[in-house]
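Some structures to go through are shown next.
Two complexes follow with subunit A in common, the first pairing it with subunit B and the second with subunit C.
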Partner chain A sequence: MAGLATTFGSGAMTNSINEIENAQVILVTGSNTTEAHPQVARRIFDAVDRGAKLIVIDPRKTLLAKRAHIHLAIRPGTDIPLLNTMMRIILDENLADDLFVEMRTENFHELRDMLFRLDCQEMAEIIGVPLEKIRAAAQIYGRAQKAVVCYCLGITQHICGTDTVQSIANLAMLSGNVEKEDTGVDPLRGQNNVQGACDMGGLPNVYPSYQRVDVDDFRLKFEKAWGVSLSGNPGLTVLEMTHGGKDGPVRAMFIMGENPLLSDPVQEKVRETLTNLEFLAVTDIFLTDTAELADVVFPAASFAEKTGTFTNSERRVQMVRRVIRPLGQSKTDADIIMELSRRLEYPMHYQSSAEVMEEIAMLAPVYGGMYHDRLEGSWGLQWPCWDREHDGTPFLHKYYFTRGRGRFVPASYQAPAELPDGDYPYLLSTGRVYHQYHTGTMSRKSTLLSREAGEALLQINPLDAGRLSVRNGDFLKMRSRRGEIKLRAELTDQVREGEVYTTFHFSEAPINLLTIAAQDGKSKCPEYKICAVSLEKRTEG
Partner chain B sequence: MVLIMTNKYILKKDHLVPLLRQLGKEYQLVAPLENKHGDTLFTHIDNLDNCRVDLENQPQNSLKQFFFPQQEVLFRYRNQPGVSYEFEPAKSREDAVLYLGVRPCDLSAILYMDVVFLKDFKDPYYQKRRNNSVLVGLNCNTPFDNCFCNGTKSGPFIDYGFDLQLTDLGKYFLVESDRSRGEDILEKLHQFFELATEDDVKDQYQAYLESRGRFKRQVHVDLAMKNLAEGYVADGVWTELSERCQDCGGCAYICPTCVCFSIYDQQQSATEGERIRCWDACTFSGFTRMAGGHNPVDSSIRAIEQRFRHKLQFDVKKHGRPSCVGCGRCVEMCFGGTDIIRFINMACCEGM
Partner chain C sequence: MKDVLTTCVYCGCGCGVYLHEENGRVISSAPSKKHPVSRNNLCVKGWHLHDFIHHPDRLTQPLMRKNGKLVPVDWDEAFAFTASELARIRQERSGDAVGFLASAKCTNEENYLFQKFARAVLGTNNIDHCARL
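For the complex of A and B:
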């Protein structure tokens, strides 16, 4: 999110999901949309039915890539060279939106100078896609009146994630494809309410509504509201906490609804950190691998057992209503927090989630007009929604960017932290499958979902499999510089020779034993998408 | 004026709720009710004075779940050490249930389920519920947005299979009966019914004629069936459909005639458990995969093919008619655009 926040002033989808249906060109990059965001994929299909052109950038031949008009199967990690090359072509062919660049943006000269130094042919070789194909994509995107870019973790989970996001924003601004209906840059959020968690200050450096902790005015506002003194220093990022090791900076943790032992890279490091804490409390609806390490586990209520709001990818805040009472000894997250707070001598007395929402409306400007009575009986409201009279905002940056002018931030190619070599000749990328969700805390409890996808499979090209004498379903030993796991092979031409792909859902094949700790310098997002591994057929067991 | 007698009756609209109140003394009542969120669903009526019977909109669910529940305990088992298994049949409700507002598509779907569950092997669970049912139909004067029962020849009017049937003639309902249970109701609660005149019957034909002209979609089910039977559907059709399919199974769950199920044992303790039957879907790879990993339906392409061939080709061969009843629910449900109307349109184009 750091990338878009720098460039546009706001890190969220600029469009509504429905608007994707009306786009003339859809550029999907780093998103396995049909499996990870089926409701978005459906809009893309509908748009294509209506005549829209679909460009997919993905090293793998995903389902969506098969249906694309142009599939740019780039080498993993070469997104920035590709985006720069597309921009250079747009400039060369006079497809840039000069008026938009002049009126709405700043720092164009720096981008232009960088692009004019670019050798497109050389870039095409780095990218691994013929220049003519890149040119065709640039022409289609550059000529569109309404074009949408959808991107996901395939962009952000690299050491250059923030720079890549900014390059996507550069491309959109250069061709004037932002600030309009059905036109924009849309990061697809990976989890229900992850947008809401960020909006509410679930980030190290901001209070709710992205008010920075190191700005005195904001800090004083929250100190006054909460009657406590607050730190003006940004907190730690996830890996700074979970990779702290034996003597890490954090000595006690309270983890809510997250399973870092499976989801964070370099599992051994995470285990070392968590087991050496002085105190660990975990809240989750089921006993996760992380919760098993905890001193105290709080059973949490599920969505059906509580009333409140979720905020989705398109900034839409919607009500969720309690259908059944919390089962057993479980409590809602809010009740758990209030109980704890009371015992820590900061009593909270919220009688309902509607009351919490009133406080949010008071303190978080983009939620300023959101009250439960307005959210009831509707499909919710999209932020920013400044006050009770405001109808919400379907698409962002109308008339001007949130930060004023959109800022071009040029970026150059950075090679991934670890590429295949003689010892570890295969490139491993990780992601999700349709039938499972994240670390499987919930989805693996469903026998039907597990019947469809019940174990980790390693996607491998049949030619590579042939060289390893591996048949479909055989067990493989996969090793990186950090660890080793075993899993079954799935032979498919979705992946190219030299590249393999698997998921992080299964604790029996904990892929994050293998992944690398390298992370983006700005967002601190780990490079889950690229590391080097070796493969071997497993003969016994 | 001489009134020509018919075997049809008139029920004033004001008298519908009073009639239901009387019927409620003998039957559990199920009818399309509008809930507080504005959705209309077939629902058990607990309190007639505190619900809104909605005969204007299509219920989002069909009656499948009432005859063939999504999950059903078939029996319980116990296994004490040293003793052989003991089985205890599951208790089921014995009440007679009257279903109101059963439109021709849903009625046709029940007649299809009768073929599946009662024709050769008689499924006792289904049979008990079916024998205890009274179906009060409702002809469709205005087909809904995704309806195509004219294409599957299961609507918009139907003249068989119901116990009683209502046709909305504006001021009142025309009432017909097709089975003795319906006759019994007409007789027992005769105070609600007046004999219909020949003009009323003419009005019913007029409503039928007008309804046939109100379909918003033209769906050439017969052409698709012909092209399937004659092998004119290109493989590309299945490939495209499977690429769009999101594998949610929603089409099978919402479909009034999809009756695939799985049976599994749910262990409750070391010595006790339940055998459960629950809905399943042929589009799931796990539905056909065998122990050891072999799958006779070896890809999502073939699974989609199986789904549509079953409905529009295999059942036609076996039972003489397609097992799609044209209710359009899967069209509303499907978010990949893999619904049966898309398939039929594709199958027609490919064949021509």
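For the complex of A and C:
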């Protein structure tokens, strides 16, 4: 989210999910929307039924790509050249929104200078898509009065993720496609409350509501509210913690409801770090692979056993309600934290989650008007919601960007950290499937979901499979410079020759044994979408 | 027997879902008709949202590692040991020797308390979660 925060001043979906169905043009990039965000895909199909044009940028021929008016099947990692080429075409064909650029943005000259140095034909060769097709897409997007860009982890999980996000923002600003209803830039958040966990300051550099820890005014405000002195040094990111190894910077960890052993790249490094900690505590509802390494495991209550709020991808804060008592002796995470805090001589006194929310409303400006009693009587409120009288904000940046003027930040092509070569000739991307979710802790417990998708499958092009004498369902040995796993082949023309795709849901085929540690320098997002692997048919089991 | 309106825990769409409870068990899920996102529709994961709640593998008591094995203990022992280890590391090294991973699966209120615990009690900003994964 660092990318949008730099250009717009706020890193979140600028629209509501329902606005997507009113857009005239929808550009989807780096998102397998039908599988990962079914409700968003439904809005996209509704919009297409009403006559909207759909452009999909994806190396794979996903279900959405098959339904697109234009499918730009780019080479993995060439998003920036593509976006730059589209912008150059928009400039050349006078489709830029000059008034918007003049009134609402800054630093345009830097972008323009970079674009005028581009050789579009050369770019098209890097991208692997004919220039005419790119031109058609640029014209459709540039001419639209209401256009939405949806993107997801296919954009951010690259070493150049932040730059790519900024390029998407550049494209939207250049054609004036932000700051209006049904028009904007929409990063789709993968998890139910990933937006909320960020909003609440579950990040090393900010307090709740993105107030930086290294800005004295913010630090003093929280010191006063909490009655303690606080550190002004930004902390470590997740990979700095989980990739520290034997002598890493953290010697103890407290992990609440996460499974880094399966979700983080380079599994061996994570295992080495976690097993060498002096102390590891995990709270979870199941004994995850990570919890099995812990010194203490706290049984947590599930979402059906507690009351609180989640914030969805469109910034909507809504109620989670208790249906049953916590199972067995399990306790809510809130109760566990409060008891530990009391024992460490910092008692926290909250009678209910509503009381916690009152403190959040006091300290986090964008949540200033979020009170449980207001959320109870509505479908939730979308932040920013400044005070009790405020009705929330369905779309962002109306009249002006959060940061004042939108800032153009030009970016250039950066080759991926590891590309296929003679020893490792295939390019591996990882992602999700419709019937499973993340590390499978919850979804694999469902018999039906596991019946539909019960094991990891490697999508491989039939031509490649032929060369390896592999048939549908055969076992393959897949190796990278980091490790080796075995999994079954799924022959499909969704992937091109030389490219393979699988998921990270299954601990039996832990794909993150293979992925690389390379990450985006700004957002610290790992490059899950590209690494080089070799394949071999496995004869026994 | 009751139906409780709540929010789905799978993807970031945030559908409104009714959980149906009978005799202390959650037995089915159904979409909210008027919720702005779900609009009487759920994906396959949403329809099976209740499946994992009563799964036999749910953890129901605290575990602690003794002689290399995780064994059931009571809450007091688990709390006491955790508190003493965190206090020891804070004293011997510093709060910055402790790392916290918050959760995109927990509520806003819990994430708020968790980062407050890391920052106010351990005095460290070493807190992150899987936002990028």
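Just so we're on the same page, the second predicted complex is superposed on the first by the 541 of 541 C-alpha atoms of A that agree within 3 Å, B and C clash if a C-alpha of one lies under 4 Å from a C-alpha of the other, contacts with A are read in each partner's own complex, and residues count from 1 in each chain.
Following the convention adopted for this analysis, a residue touches a chain if its C-beta (ideal position, glycine included) is under 8 Å from a C-beta of that chain, and two chains touch if they have at least 3 such contacts.
Bear in mind that the values here come from a model prediction, so they are computed numbers and not experimental data.
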| message | Let me test your reading of the model: by the given contact rule, A:66 touches which partner, first (subunit B), second (subunit C), both or neither? | response | first
| First, second, both or neither for A:39, with subunit B first and subunit C second | both
| field | subunit A residues touched by each partner, larger count belonging to subunit B or subunit C | value | C
| query | Which partner does A:434 reach: the first (subunit B), the second (subunit C), both, or neither? | reply | both
| task | Applying the touch criterion given at the start, work out whether A:306 contacts subunit B, subunit C, both or neither, answering first, second, both or neither. | result | second
| task | Could you tell me if A:230 is touching subunit B, subunit C, both of them or neither one (first, second, both, neither)? | result | second
| message | A:452 in the overlay: touching subunit B, subunit C, both, or neither? Say first, second, both or neither. | response | both
| task | Pick one for A:17: touches subunit B only (first), subunit C only (second), both, or neither. | result | second
| Those residues of subunit A which subunit B touches in one complex and subunit C touches in the other | 38-39, 42, 434-435, 447-448, 452
| request: Using the touch definition up top, name the residues of subunit C that touch subunit A in the complex. | output: 2, 4-16, 19, 21, 24-26, 34-38, 41, 43-45, 48, 50-55, 57-65, 70, 75, 78-83, 85-87, 89, 93, 95-121, 123-133
| remark: Residue positions on subunit B within touch of subunit A in the complex are 243-244, 246-248, 264, 284-286, 289, 293, 335-337
| said: Show me the residue ranges of subunit A that touch subunit B in the complex, using the header's touch definition. | reply: 34, 38-39, 41-42, 45-46, 49, 63, 66-67, 434-435, 447-448, 451-452, 473
